[in-house]
Each structure stands twice: as structure tokens, then as C-alpha cells.
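I have placed the structure first, in the form of C-alpha cells, so that the comments after it can refer back to it.
Labels run A, B, C and D following the written order; every chain starts at residue 1.
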Amino acid sequence: MISQMQQKSESPDTKGKILEVRGLTKRFGGIIANDNIDMDVFVGEIVGLIGPNGAGKSTLFDMVAGVKPSGSKRFPDAGCVRFLGHDITQLKAHQVCRLGLARTFQIVRILEKMSVLENVTVGALCRTSEVYEAEKKAEKICEFVGLKDRQNLAAGELTIEGKKRLELARALATEPKLLLLDEVMAGLNPSEVAETLDLLRQINKQGITIIIVEHVMQAVMAISDRIVVLDYGKKIADDTPEAVVKDKNVIDAYLGSEDA
Amino acid sequence: MFEAWVTVLISGLAMGAIYALVAGGLNLTWGVMNVVNMAHGVFLMLGAYITFMAWSYWGINPLFTIFLSFPILFALGALINRFLVRRTVGLASMLLTFGIFMVIENLAVVGFGGMYRSVRFFTGSYDIMGVFVSKPRIIAAGIAVAMSLLTYWFLKKTKIGVAIRAISLDRMMAEQCGVNTNQICTITFGIGAAQPAVAGSLMSLIFAFNPMLGRVFLVKAFAIVVLGGMGNFLGALIGGLTIGLVEAVIAFSGNLHLSEAAGFIIIILILLLRPSGIMGRRQ
Amino acid sequence: MRSRIIPIILLTLFVLGTIVFGASCETKEPIVFGGALPLTGWGADGGEYNRRGYMVWEDMVNAAGGILGRPVKVIIYDDKSDPTVTTRLYEKLVTQDKVDFLLSPWTDDMVMAATTVGEKYGKTIVAGGATYPAIWERGYKYVTGLLPNSKDYLGVGIRFFSGLKTVALLNLDLTFTTGFADAAEWNFPREGMTLVLPRQTYTGDTTDLTAPLMKIKAKNPDFIVACTGGAEDATMILRQAKEIGLNPKAWWFTIAPVIPEYIEVLGEDAEYTLGCSEWEPELPDTIEDFSIRAAFNQRHREMFGGEDPVEDAATTFGVGQIMQLAIEKVGELDDEKINEALHELDTSTVFGYYRVDEAGKQKGKVMYVIQVQNGVRETLWPFKAATSVLRFPTPPWDKRD
Amino acid sequence: MIKDVARSLWALGWMGGGAIAAFVVLLLVAPWVVSPYVVSLFMAMFMYIVVCSSWNIISGFTGYVSFGHVVFWGVGAYVTAVLVWKFNYPWPLAVMLGGVGSAFLATIVSYPILKLTGIYFAISMLALAEAIKILTSHFRSVTGGGGGIYLRPMASLNILYLMMGFLALAVVLVCYSITHTKFGRSLLTIREDETAAESLGINITRRKIQALILSGLFPGIAGGIYVMNVCFIDPATAFDISITVNIILMTTFGGIGTIIGPVLGPVAFTALSEFLWASFPFLHRAILGAILIAMVMGMPNGIMPFMVRFAQWVGIREFFSRRREASQ
């Protein structure tokens, strides 16, 4: 099913660079949430984005995905974001989504009163205007992420694991080229984490690039090709997992707050 | 000309103070309890009739009748909350209060008759160097402002007041902190009914009224609550005064139609510019 | 679940009830007259007085042996003060109840609605309680009027003060009061009066008239005509005028001064105010031919706990009388002929003279100029019927005792 | 999208199709069977079905509760009345243009006003309706001012009744089919969570504007038909806040956010109030109020839950539920 999706989408950027963040800055009043961040993501990668609480990870996600960060009316104060060669800095979330960038939310934003299948259908409607077709596709995706047996439940009735999975399914349904995952493993037990990692690897294998914010450190280390570390809104490291754990800045930043 | 302007402005402010009192009660039921109270107008009307009857049958000074209308309507409001409103939420509570409105207004028409009444007690004005200040309106406005400030003080400084504000911010949290939300909501609804009743008592001095009295003020009261910021009591006072003033200025420099339309247009504009009201918390 | 079945059943019953509701009253013998009045809603007071007029008429006609030897039956429905309901009820009266004749509803909007139905079915209506000229300017064939239209209604008062030069006009923006204000503006130049500033229109929701009254005060007119809808807005105008010391030589109000509670609500502030009345219970017979007025007054008192009839009761009694006279003149229940007769009649009723032009507009009715003096409405004009003389000019508020 | 509409209509099946056919037959037959009084009562009922269903598009499906929906009805009525009165337009055209007028109003106010959410949107609509009422009263040369506009009767009751009946049917079918299209799904998503909706590629601003325009269009036509029937309109009637209150009451009573709720609500309410009014002339409002209180206390979610169960029992599920079950 995923391969079908890939056939429709255009071939990735020849340079292999899918996302390019340059000098991105965002202030809330006096607080600088993101300070002059540069970041590149290449096609097919899984990039982990980590940092202590309040490091600015979710704000970065919001701005990349075109969601106005909560408490703010404007997009970034400075800097730019390029996705597949398009400047998407000032684009809104729905436009970014149509370009092929999907995300999940730290605090799940599922449509509680709708059924699981309907939730996924809404995502699928991003690429078609036929509800019937979208439903067919949603069913396949539900099967792929393992929600098939629960697809007619009201989404609000799902467990936290189910909800996280649903968000992932819904994001997949929009046929993304880049997937931003905000703590999809928080609150899951080790076996559920393992299942999710497996799922992410499968998704990645279909050619979808993934950026993942996560507190479950072992999981990030296990899955990421590369890790970017933020602290107080600044990028302090950008390297392979092995190198990052040895980085002095990173150890300082996490000292005492390491929770994994 | 100067005197004329001052006369008009004072009159507008006086009307604004009365709007504010009506809106203040709504702010409690709506801003705190999240009940869109369609019965608000009938509480006001009942207050007016209590004053009228106390004055015409027993000759009680109408200003003292607020000590009658406040407790009576407080009790009625508390009972309505205890037995009816408390059990509903959201749009259902709006339907419910509309039912209450229909019952009370209809019974009032049957009981009091549809004819106009008025309390003839203070008429005329104080003439201060060519500025005319209406006696009934300024006295009513004074009491209205005092009442609004008293409520403000009550909410800021007393234990019950703090509990009420806590509920308006986060009901669950208040419950967690040991607030008996049911009891406090009953008190809130009681005050929310007693405040417009006092306003009604004051209006009986100003207007000729019949059982439909409350309808005129309901729309404006809703608008003022939003204008001042839901759950913000000083905001309702300022919102009321602002609307009263704006209406007076435009009525004098333009005409009455434009002034009433302007009141509503300003509400829309302020909401667009400051979506949580002039004094509201930023979202 | 079981307990929830009951509401469903109830709802179904209500739906069926509505459909079944429609069983008409079956009486062949009497001549049936039907109409709708606002018995609830904002017009409830006027509607009730109107109903009394019809009731007394029915009672008295039947006591006197009916019309053409047949008794009379009056059906009155409640239109809830809503013209849409009026339309529906008149449709019902004509097609379902199959009444022989229609009676007039109360006030202009309802008359508009009812006469539209009447026109459609060729059922004539003598409009009581309506003055809006548009009612007769629509080219309808089956409507005549009992009251003078608003141009005459206002004209009486304005002609009475013909000598005054400057005038200000206040206007409540309802249908009939707007009609009054238009009529006032039409009349002013004909009597040599000039408006000192454009008419000041206020709405039913207006709570503060300081601004327009201050504007009027700055122009200091001799005469103020206030096209008010009732005691409520007249009270506000007079009280606020007193507060700011607005002192014209004369105050003229529409409607308000004849409303029973007007004097009660305003007390001494109502003194000197003028208005016009369509009818007064105690008037010498010299002015109009009130042959059965005394009987009407007495029967009304008997039937309604000793209360004196008011203008609105006399209106509907008059409507009944006119219908009766027309039917008796024709001698049969033929709608066309009776409609013709209604256009030709030149007669008088309890309410006053009745004579209409081709359009059906009333032109025979005499209006009375009244003034509140010592807490009582006194008639000033026509002079033959006068009970008192004009108190003029109105003293300034601070010079009254 | 067209395919979806067709498919959804097909999905009504023989039962739904039969219901529609039965409705059309009853609609056509009624004037010969019942009295004009009942016909005009039905007409009032259809009018409320139209306005309630339209209100439901923006307030029930999209979650933007409007406290001023009467404004669209009133503007439609006024546009029709003015076109017929001043410009002698043929009345059917004027009625249609009434709908265009109200949709135009919805278009111009939509962008700013839909930036507000929740109660702020509700109050802005309320203020809009009041402001337009006063302005209508003020600009006398165009609108006839407070005196209103009177027209000659041009169309017969039965014609107008049929128009209103078919309009009601059309609106209900439109509401039904949009819930089966991408557009309808987008609205439901917006109601649940705007941020999520946007992140799923839904242009929320555009969708909300479209919803408001659609929601403003039909009441305008209904207002036009109304004014042709009563032949009189003034600002106090055209922008009467109690119409908005009735819309909210009836729809909530029937079940907000459903297809059949805004149909059941007006029917039940009209029938109930008519019955009470005939039986208790002076206390009918109090009794209606008491019944309302009793119903809210007994069934806080409106009559919908019962109707849904009833429907499940009968076996027609599709029309009652806003959540479409997997139909295959």
C-alpha cells in the first residue's frame, strides 16, 4: 500500500536534501524558544530531535509544520524553512501538509467523537476528494498500523497507545514525504515501544523521511540515523547517536535531568 | 453647548452603570458557571415588580426595596440552580433557562397584567451650573456602581468569592482544592439572579415597565459581558460604561439609530481586535 | 429505555393532535362572525379591550333579537400579536370555520395581514384599530376603515395649534407610529409650521433620550409632536424632558394620552399634555349620533365588573354595528352586496360617524382633541363637545406647583 | 465529490427514497386535503426546517454556534421585498435574489467574523443582527424604515407552500449529502479540532467561509418566500431575536449536529406549541416552558438519542446518524 503511495508522489530532490532550516528564530515575549537554528534533513533519514524539557523542540515542529505556536499569532520571527526546495516559512499547516509534510502532536489531537476509520479518512481526504476512495485507503492504513480490529470504535475510546497509533495512521494517510513525530512513544510500555519502532522502520523503508522528537532515549538512539540536540532554544549538537552521547555539551545539558 | 455635552455624557454614563449591573449578574451565571442564562431578563423584571408592589401597597421607600428584591431573587435563583440548572450543562442549560423564562414571564403577564407600571418617586433633576443630572438615573447609577464594586470586592476578598473565581478558572481544579462546587454554584446563581433584580428595582424608578421589561436589556447585557471579558467583573463595569458613553456621544453628534448600531458594531470590532474582551485574559 | 418510550408517544400524539385539531364548530342557525385579536403577547391589553367590544355587541344584538331574525355568534382567536399567525387564523376562519363575516383584528400590521386574506376570498373587513394609510392605498376592494387614517389623525391636532411656527417631531420606529410621523410631516407645512430639526427617531430598545431632547432644546421649538406607541415611551420622553428643562408651548402625543395607565404612571407630569382621542365614554349627544351609547356603556359595566368601556372596546363595538347595519340594509348574506353597502353607508355608531371614500378610507369620523387637566382627560374640541378649555401655553417644568 | 453525493443518495436505499417520495406526495396532496390554516402552519414548519437545517451547517457541523442567524433570513426577506416593491422584479426571481443577498452578506462578514471562535463568534453574530436591524430601520429611502414595506399579494398560498416544502426537502438533502463529501468531513473535523484539521491538509479558513455562505443562503430564500406570503415586512419582524432563539431551541431540542434533528425539532415544537395554544390560550407559553424544562431534565441531549434508538429499532440508521457506519 505504501509503495502505491510512493508511485504517485514525485521523486525526491536529487540533492537528497528534503528539509532545510536556516537561522530559525522564535520569541515569546522575552523568552527565546528557538535561537537561530540551522538544520538539514536528507531523504530517507530518520533524525532524532532531543533536548531537555522546554528546549524548543515542539516550537520548532510547529513552525516547520506551519502551525501557529500556541500563545503566538505569528510565524517565525526570523529565518526560513525550505521543504523540497519550496520556501514554506510563511505557509499555513494545510498548505505544508499538501506539499507532503505530516506531523503528529505531543498531546494527541484525535477527533474523539469520530470513529477511528473516520479519523484516518480525514487524513486520506488530503489527496482525494472522493470520500469512498479515501475510506478504502484509510482501511488499508488501519490494517498497516494494526488498528483494523478497532477501526469502528469511537476514537475517544482508544487507549493511549491506540491514540498514538491513530495519529500516526492519520498522518500517513496524507501521503507524506516527511513525517514529524512528536513523542509517539511517550507513555507506552516497552513492548509497545518495540512495536512502534518496528512500525517506524517499515514506514521509513517505504521511503518516508522521519524526524522524531522523543524522551524515550533508548528508542531514539536505537532508531535514529542522526540526532540533533537542542538546549534553551539553541542547537548544541548534530551527529550520529554514538557521537552525540559522548558530546560534552549534551552531557552538560542533560546532567541531572536525564530521564531515560 | 459645553453644558449640553456634559449633560449627555453624564446621562450616558448613568445608563452605562445600569447596563453594567445587569451584565454583572450575567457575568456570574455565564462567566463562572458557563450557563447561557436566558432567564436573566425575568429576574430583572421581578425585581422591578417587587419594588413597585412594595412601594404602591406598603409605601416603602423604593430605595429600600433593594433589600427586599435582593434576598427574594437570591433565594429564587438559588432554588432554580439547586433543583434545575445544576443538573444540566452546555446548550441544555440554555434550553432549560429559556423554559424558565417562558414560565415566569407568562405567569407574570397573567398575574400582573400587561399594563405599564412605574414607581413615581424621584423625578426631575439636579441643575449644576447648567448641567442637568437626572435624579432617578444618577441615584440608580450610584447604587449600580456601588453594587458592582461591592460584588467585585466580594469576589476578591471573601472566601466564597475566591472560590467562585476559582470555579470560573477551572472547575475541576477547584474541586480538587476542596471547594464544594455545588454549593458555591448555588450561591453564584443566587447572586447572579439577585443582581439583575436590584437593577430591575432601580429601573422601576426610571422606566414605565411591563412584564416584558427584561427583553430590552438581555442582548446588550450579553454583549457587555463579552466586551468586558467573560468572568471579569471590573471588565463588565468598564464595558457597560463604555457602551453607555459611546451611545450617548453618537446619539448627540449623530442620531439615535446610529448610536445603537454603533454600540453593536463596536462590540464586533473590539472582539476582532481583542478577542477576549477589553479586560479579558489573553488566550 | 422503557421510560423513554413515553416521550416518543407523547410527541407522536402532539403531531397527530395538530392535524386533527381543526374540527370546526358546527352551528347552522346563527350568523357567525369571526376574527383574531392579540390576546397574548405585546398587544394583549388592546386585544382584550377589543374582545370586550365584540362580546358586548354580540350580547346586545342577541338580546335585541339578532340580525335578520337570526342570532349572532362571535368567534375570537388569539393571534399572539404575530401577523403571521393572523394570516393563518383568517385563512382558518374563512375556509375551515366558514364564518359568514370577518371581524377586524387589532393594529395595523395585523389588519394588513387579515385584509390580505379577506381580499383573496372576497370577504370584506371593516378595519378597526388601524390608521396606516397604506392599508387603503393597496387598491384592495374589500376593506373599509372605521378610524380616520393617520393623516387625518394627526391633522386634527396640528390644525388645532395652527398659529405655532416651530415644531419638533419625535418618532418611535414601529409601523403605525412611523405612519403617524409621516402624516405629521405632511401636515406641518399645510399649517405653516416648520420643523426645527429632522425628526428624531428612537427604537423600542432605546433607554436614554437625553441626546435627542437636548438637541431639540437647543432649537427651542414652540410645539413638540411625539409619535409615541404607548405609555412606556411617552413616560420616558416626558420625564427626561422635565429633567433637562425642555419647555415647548405645547406637547402633543399620539396614542399615549388615551391609554388608561398613562396618567397613573406619570402623575402630575402628564398635566397639560395633549393628544387626540377617537372616542370618549361621556360626551354630549350633540356631536355625533350616539343613540345606543348609554346602553353600551351600561352593558359593558355589567359584563366586565363595573369598568367603563375604553376607546378600543367602542371601536370593535362600532365595527359590529357597521356590519349589522350593512347586512340589514342588504337584507341577505351576500358578500358582494354587503361590501358595496359598506362603501355606501353614511351613518353613525357608538363609535362615531361612518362614511368612507372609494378606497374605503374613513372620512366621516370626528376626532377629539383632549388635554390632561388635573389628572383627568378633558375634551377640548370639537367645541360643541368640549368639557374644558385649553390650558396654554404649557408652563415651564420649574414653574409648576 | 459529485460521485460521493450520488453515492450517498443511492445509499438512502428504498426506504429513504420511499420516505422522500411519500413526503413529496403528501406535500402535493396536502392543499386538497387539509384547510389553508393547516397548510400555512405546515409552511411555517417548513420554514423553520429550512432555517434550522441551515443554522446546523455552521453551528452543528462546524461548531460555530451563531446567535444571530435571523440576520440571513431577514436580509433575504428585505432583498426580496425591496426588489419587488421598488424595482418591480418578478417575485420568483426576487425570492431567489433574496437568497443571493443573504449569501452575499455571509460572504462579506465571513472572513473577519470567523476568526473569532466559541462564544465570541456567537456574540458577534448577535451584534451583527442587531446592528443590521437598526441600520435597516435607519436607511428609510431604501428599506421603508420602521414603517416597513407592504406588497400586493402576488402568489397564492399553495404555490408558496410548495416552494417552501421543496426548499425544505432540498436543504435536508443538501445537509445529508454534504456530510458524505470531503467538504462535510472537513467541517466535522474543524468542529472537533481546528489545529489537527489544518495539519491534515484542510484549509480551515476556506471551509468555514464556505460553510457560513451555504448556511446563509437558504434562510434568505425562506425569508423571501415568507415575505411573499405575508406581504409585509418591517425591521422588528425581520430581525427579531426570538427567531434566532427559536432556531437554537428547536435544533437543540431535535438534536444538534444531526441531519434529522433540525427536522424533528421544528415539527415537534410547532405541533406542541400549536396544541397547547389551542387548549390553554392564556397559559400556553408557561406550559410550553414547563414541558421544555421537563424535557431538558429528562433527556439532556435532546430527543435525538431516542430517535436514534427508535431508528435502529426500525432499521433506518443512515438518516439519523451523523456518523456514517461502514456501509459495505
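Everything that follows uses one rule, which is that a contact is a pair of C-beta atoms (placed from the backbone, for glycine too) under 8 Å apart; a residue touches a chain by one contact, two chains touch by 3 or more.
Quick caveat, the model's predicted, so the values are computed rather than measured.
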Shortest walk length in steps over touching chains, subunit A through to subunit B: 2
Chain at the geometric heart of the assembly (C-alpha centres): D
Chain of greatest Cα-centre distance to subunit C: A
Centre-to-centre distance between subunit D and subunit C (centres being mean Cα positions), rounded to whole Å: 36
Subunit A and subunit D, separation of their C-alpha mean positions in angstrom: 42
Distance from subunit C to subunit A - Cα centre to Cα centre, in angstrom: 74
Set of subunit B residues in contact with two or more other chains: 255, 257, 260
Multi-chain contact sites of subunit C, meaning residues that touch two or more partners: 40, 173, 201, 203-204
For subunit D, residues that touch 2 or more chains besides their own: 134, 137-138, 282, 284-285
Which pairs of chains touch, using the document's own definition: A-D, B-C, B-D, C-D
Complex interface listing, subunit C residues touching subunit D: 1, 4, 7-8, 11, 14-15, 17-19, 21-22, 39-40, 78, 80, 83-84, 87-89, 91-92, 94-96, 109, 112-113, 116, 119-120, 132, 134, 138-139, 171-175, 177-179, 182, 201, 203-204
Subunit B contact footprint on subunit C (complex, rising order): 40, 42, 44-45, 173, 200-212, 214-215, 217-218, 230-232, 235-236, 239-240, 242-245, 259-261, 265-267, 269, 397
Residues of subunit A touching subunit D in the complex: 65-67, 92-95, 97-98, 102-103, 105, 109-115, 117-118, 121-123, 125-132, 134-135, 152, 170-171, 174
Residue numbers on subunit D that touch subunit B, as the complex places them: 65, 67, 112-113, 115-117, 119-120, 123-124, 126-128, 130-131, 134-135, 137-138, 241, 245, 248-249, 252-253, 256, 282-286, 288-293, 296-297, 300-302
Parts of subunit D lying in touch with subunit A, wherever the complex brings them together: 1, 3-4, 7, 180-182, 185-186, 188-189, 192-193, 195-204, 323-326
